[in-house]
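Chains here go by letter, A, B, C and D, matching the order in which they are written, and residues are numbered from 1 within each.
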Amino acid sequence: MAYIHEQRIQFFDTDKMQVTHHANYIRFFETARTEYLRSEGLPYSDMEKGDFQIPVLGVEAKFKTPSVYDELIAIECRIGKIAPASFEVEYEIRNAETGKVHVTGRSRHGFTDANLRPIPLKKKNPELYNFFMRLSEQDKK
Amino acid sequence: MAYIHEQRIQFFDTDKMQVTHHANYIRFFETARTEYLRSEGLPYSDMEKGDFQIPVLGVEAKFKTPSVYDELIAIECRIGKIAPASFEVEYEIRNAETGKVHVTGRSRHGFTDANLRPIPLKKKNPELYNFFMRLSEQDKK
Amino acid sequence: MAYIHEQRIQFFDTDKMQVTHHANYIRFFETARTEYLRSEGLPYSDMEKGDFQIPVLGVEAKFKTPSVYDELIAIECRIGKIAPASFEVEYEIRNAETGKVHVTGRSRHGFTDANLRPIPLKKKNPELYNFFMRLSEQDKK
Amino acid sequence: MAYIHEQRIQFFDTDKMQVTHHANYIRFFETARTEYLRSEGLPYSDMEKGDFQIPVLGVEAKFKTPSVYDELIAIECRIGKIAPASFEVEYEIRNAETGKVHVTGRSRHGFTDANLRPIPLKKKNPELYNFFMRLSEQDKK
């Protein structure tokens, strides 16, 4: 079961096509995955104190239908593939009421130290590695 | 030969990792392709008067190295594949002085009318279709 | 009694000083006043259907202390002075837990039609005018 | 004589009112004052290496007429009042061709060290203080 974060499209999220500007969805991805990790007991600010970061290595998105001002959207996110030094997150953004799909996407993240140097997490911090593994398992259900 | 747009990383482009926030590169892509089309005689505002738009259908980016505040970046963009009702643009963002690659990416766009309904451009507006074909050819050289 | 909207500082809200970038507070003002009007039964999207808008004529903000990533902030907003064709909103942004003040500010808005032409609201739409008057009274308590 | 920075309104700068979103002008102020200081030989990144910052203490703006997508704007900025530990910058944003005024505003900045602690600049770094004084004088002409 995936995590779902809801938020409302703000005026400043729209552009002159009168829909949400596409680049903002990349920010919505970030909000949802941060809230997901917090809800599981791992606030990102805690990670950073621990000399640990998960910078974005890549992102992709497909914009299927536009969302509009004042619309309540639901950003579903789930942990995807986990490698020794990176992992993926998958997203689906829908209208929170009708379920209509607006955007799908994924991001890839590295496990790094505070100076953005890659960390082989499985080896260096098995507890944190298992945390991500557990989320990934639970998201498949 | 591809088009190159240069711009400087602003303070508001950075985040607390002290590098450019990844979502901003998606905006930089937009700036570069708009400037490209203008430089070729097709300002996007003109397109819109002509009941024509090129909404973003999809985008992807790989973040290879960070760019930093005050850095001058060069955004190279070239028209990629052109289909009857869509086309692609490819991007490479580098440090303007050293040439170090920061980000690569691509976006896919539909040809639509002002109400975001797809237009088979080749059929409906062969002149505009040929404009994009010519750019694509010239970018391969 | 003023309206309070809470939200969390996101990664993309911060800049390389490792605090919230000042321009983002202007957006937070917008979010709070929109949510306020919705909570009182006047979603802004409804206003627009009614050929009515409240564009920002001016804004000011004082940045007293920085807010940081992952912090929960409380944006208090209250309707201030109401004139025949404009009104003010006042803001105070605090840490939601400690109450420490980060930012104070105000915005001034016109009552206009969909084409941004001023409307003497008191005369043209007394019901809507009274709605704003009622909020202003209630915010003073 | 004031410094003038020109830039073009991008698609992502607009909102569903089909004009530039007001909060973006606060970012334009920042771009212009940064470019101004660079043009005078003081890139902000250099300042920071010198354990020195100029955080924004306050900002205000009046939105007089809207600017639109693809418009070339001219952001005029001049150093205003200088106090021992702070200074002001004044802005006027116009259409670069017609001179029509869109926005006027001002920002107030502190002189601080890298940890945002105020510095009495006149005393601690007279050279830098005189740099700002010189700009202020020259902007009055």
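Note that contacts are C-beta pairs under 8 Å (C-beta built on N, C-alpha and C of every residue); 3 or more make two chains touch, one makes a residue touch a chain.
Quick caveat, the model's predicted, so the values are computed rather than measured.
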item: Where chain A and chain B overlap in contact partners, by chain label; value: C, D
item: Result of counting contacting C-beta pairs for B-D and B-C, higher pair; value: B-D
item: Approximate Å spacing (C-alpha centroids) for the pair chain B, chain C; value: 35
item: Length of the line joining the C-alpha centres of chain C and chain D, rounded to whole Å; value: 24
item: For chain B paired with chain D, centre-to-centre distance based on mean C-alpha positions, whole Å; value: 29
item: Chain D: positions in contact with at least two other chains; value: 11-12, 23, 27, 30, 69
item: Pairwise touch network: line, ring, star, complete, or other; value: complete
item: Chain D partner contacts - residues on chain A that touch it in the complex; value: 11-12, 14-16, 18-19, 21, 23, 69
item: In the complex, chain D residues that touch chain C; value: 17, 22-24, 26-27, 30, 53, 55-63, 66, 116
item: Contact footprint of chain A on chain C as seen in their complex; value: 8, 10-12, 27, 30-31, 34-35, 38, 43-45, 69-70
